[in-house]
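For reference, chains read A, B, C and D in written order, and residue numbers begin at 1 within each chain.
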Amino acid sequence: MVKVVGILGSLRPDSYSALALQQAIERVQALGAEAEILDLREMNLPFCDGGSEYPNYPDVELLRSKVKAADGLILTTPEYHGSVSGVLKNTLDLMSFEHLSDKVTGLISVLGGQSNSNALNTMRIIVRWVHGWVIPEQIAIGQAWQAFDTEGKLKDEKLAERFDAFAQSLVDNSIKLKK
Amino acid sequence: MVKVVGILGSLRPDSYSALALQQAIERVQALGAEAEILDLREMNLPFCDGGSEYPNYPDVELLRSKVKAADGLILTTPEYHGSVSGVLKNTLDLMSFEHLSDKVTGLISVLGGQSNSNALNTMRIIVRWVHGWVIPEQIAIGQAWQAFDTEGKLKDEKLAERFDAFAQSLVDNSIKLKK
Amino acid sequence: MVKVVGILGSLRPDSYSALALQQAIERVQALGAEAEILDLREMNLPFCDGGSEYPNYPDVELLRSKVKAADGLILTTPEYHGSVSGVLKNTLDLMSFEHLSDKVTGLISVLGGQSNSNALNTMRIIVRWVHGWVIPEQIAIGQAWQAFDTEGKLKDEKLAERFDAFAQSLVDNSIKLKK
Amino acid sequence: MVKVVGILGSLRPDSYSALALQQAIERVQALGAEAEILDLREMNLPFCDGGSEYPNYPDVELLRSKVKAADGLILTTPEYHGSVSGVLKNTLDLMSFEHLSDKVTGLISVLGGQSNSNALNTMRIIVRWVHGWVIPEQIAIGQAWQAFDTEGKLKDEKLAERFDAFAQSLVDNSIKLKK
């Protein structure tokens, strides 16, 4: 059984990143994976100060143990200033090789404007740095304000198919690459 | 008179990034610039939630007004996971075009291991995205734990000369590009 | 008087990159700059072998002297495989710091599919590496096959305005940064 | 049986990239893989003109068929101007999804100066774009002129161990990810 953790890298109350991640999570679950979202809006995490101990923040330990126990990871970020959100990057900074290495990771970015791969590229280099794998299938949702219907489903069928392929690749390759 | 603001993107108590930024700031001051450090360890900034108002955090306004009033900017980050620190990226996320555009920006990264330009590249793309200028002179300090003497000066003369050229370029080109 | 050289990084007979570069060149000329296109389809350049001498290829010297004499540079590439074209990169490989440093450079990429900034980012890092300046204004033309009318003019007014701002910035800042 | 093709992205007569690639190839062979080097110095390849047919250059077909038949790929480049060599990028431009997708790829860069990951990052984004996999283990050899002994072996044991891990990962994961 493959375990997938999705990290939601947006703190916005009505986050399109949350909708996007939900779409991915439902799909990996439909493929038989156990999947869970770590919603940074509901976690109390500090800014990383370069150290490894955060005794006043039990959510740091929760984050680390959940991610460490996962086979697959989904990183979802709004693209802020042509890159990953600070809050998502900070969440990654709170973890180290022992939590992140060897995970099979899928990347999703969400933009208000035209679709772009800046944030995806940044995340790909970061995940490589912690010795994770990144699946080739990646998703950038442009003009996210018109991408979802009122039930949070994807309006565009092509985009929905990209999510299908994304989830399939994440689950299949988490199994294949599992040690 | 050129005004330069340096943002210290590390929260570590004994931060080598702080020492590096101090070296740059002293040099731009020696060239006649007015210069100031925004030390994130001494500011109380929230995680960016995608909105623009943070009424409970007056330091957001302080950050924005200081940066807006500057001609030149120095961004200093420890390289975490092959990229910019989350806390620095979050600080940038709290600002927008009106604060960051047209600034002439210099980039410094500090690493425990071998020197690399991953974090510098990330910052360069980010600053471009907010329509800032980035000077070609950039500094990555590898093995930062042995780069400074007990008084915080640079031990390596070649590196010190790179700081000289960095400061000179920042000041000269802030003047040239000023509207 | 500002001198601008545009390098056309496509060898395709009916190149959209050529149309895009033409649009930029006309605009910098209208602003009073002297401008010229180096069309790689009409030059006989070898693959760079890591050496600096290419006695059998007089166009190497032509390339180098033209670029060296310019204040501003426009690099235009089709986006191939999410990056700069090999032929443009090879052309840059044939030059060195003495030809490329301190140039004020504008970047244009042309794609068949959706607009993206992968090739632009690659070029930005390359130009920095040779100590050139890159203007913040950059242009990625997506779905280039429908971007131009039969006379080679831009159909989309917003895109035409981006070219206006691109040309203005290139000329203005070439003057400002000129030593 | 895993088949690996290594592409040598340097045309320099005494290429350190060739020595580096040789080290990797020997190791994957020792692990039971069938491995072959495509030495661009010995192939007659044209500049890519955006088309797919090169009837006067039979080596294009050779390149494509060799790469298509491989499970694993090693891309080796000298870092020119903070990026991949033009000649290697051009070689990739001559191929398409049908040749490059799904390959498990390892990346090596060779520099005269200090080690850096610019060219590696560029290649990682390119390989992703053609839907290939890139192993997390990557190698940048700095100051390549002092990295090899007279028999072409690696002088530094740590670096040799990185090659061991690189080869092991390439072979193991080519098997795991093979469809």
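Operating definition for what follows: a residue touches a chain if its C-beta (ideal position, glycine included) is under 8 Å from a C-beta of that chain, and two chains touch if they have at least 3 such contacts.
Predicted, not measured: the structure shown is a model, and the values here were computed from it.
Novice: Please state whether B-D or A-B has more C-beta contact pairs across its interface.
Specialist: Most C-beta pairs in contact, of the two: A-B.
Novice: Where in A-C, A-D or C-D does the B-C interface recur, with over half of the contact pairs identical by residue number?
Specialist: Repeat of the B-C interface: A-D.
Novice: So, what's the distance in Å between the C-alpha centres of chain B and chain A?
Specialist: Computed value for the inter-centroid distance: 28 Å.
Novice: Take the average of all CA coordinates in chain B, do the same for chain D, and state the distance between these two points in whole angstrom.
Specialist: The separation of the two C-alpha centroids amounts to 36 Å.
Novice: Would you pick out the residues of chain B that each touch at least 2 other chains?
Specialist: In chain B, residues 82, 118, 121, 125, 128 touch at least two other chains, as defined above.
Novice: Would you pull the chain B residues touching chain C in the complex into a rising list?
Specialist: Of all residues in chain B, those touching chain C are 101, 121, 124-125, 128, 131-134, 136-138, 173, 176-177.
Novice: Going by the contact rule at the top, pick out the chain C residues touching chain A in the complex.
Specialist: Listed in rising order, the residues of chain C that touch chain A are 82, 114-118, 121.
Novice: In the complex, go through chain B and note every residue touching chain A.
Specialist: Residue positions touching the partner: 10-13, 15, 47-51, 78, 80-93, 118, 122, 125-126, 128-130.
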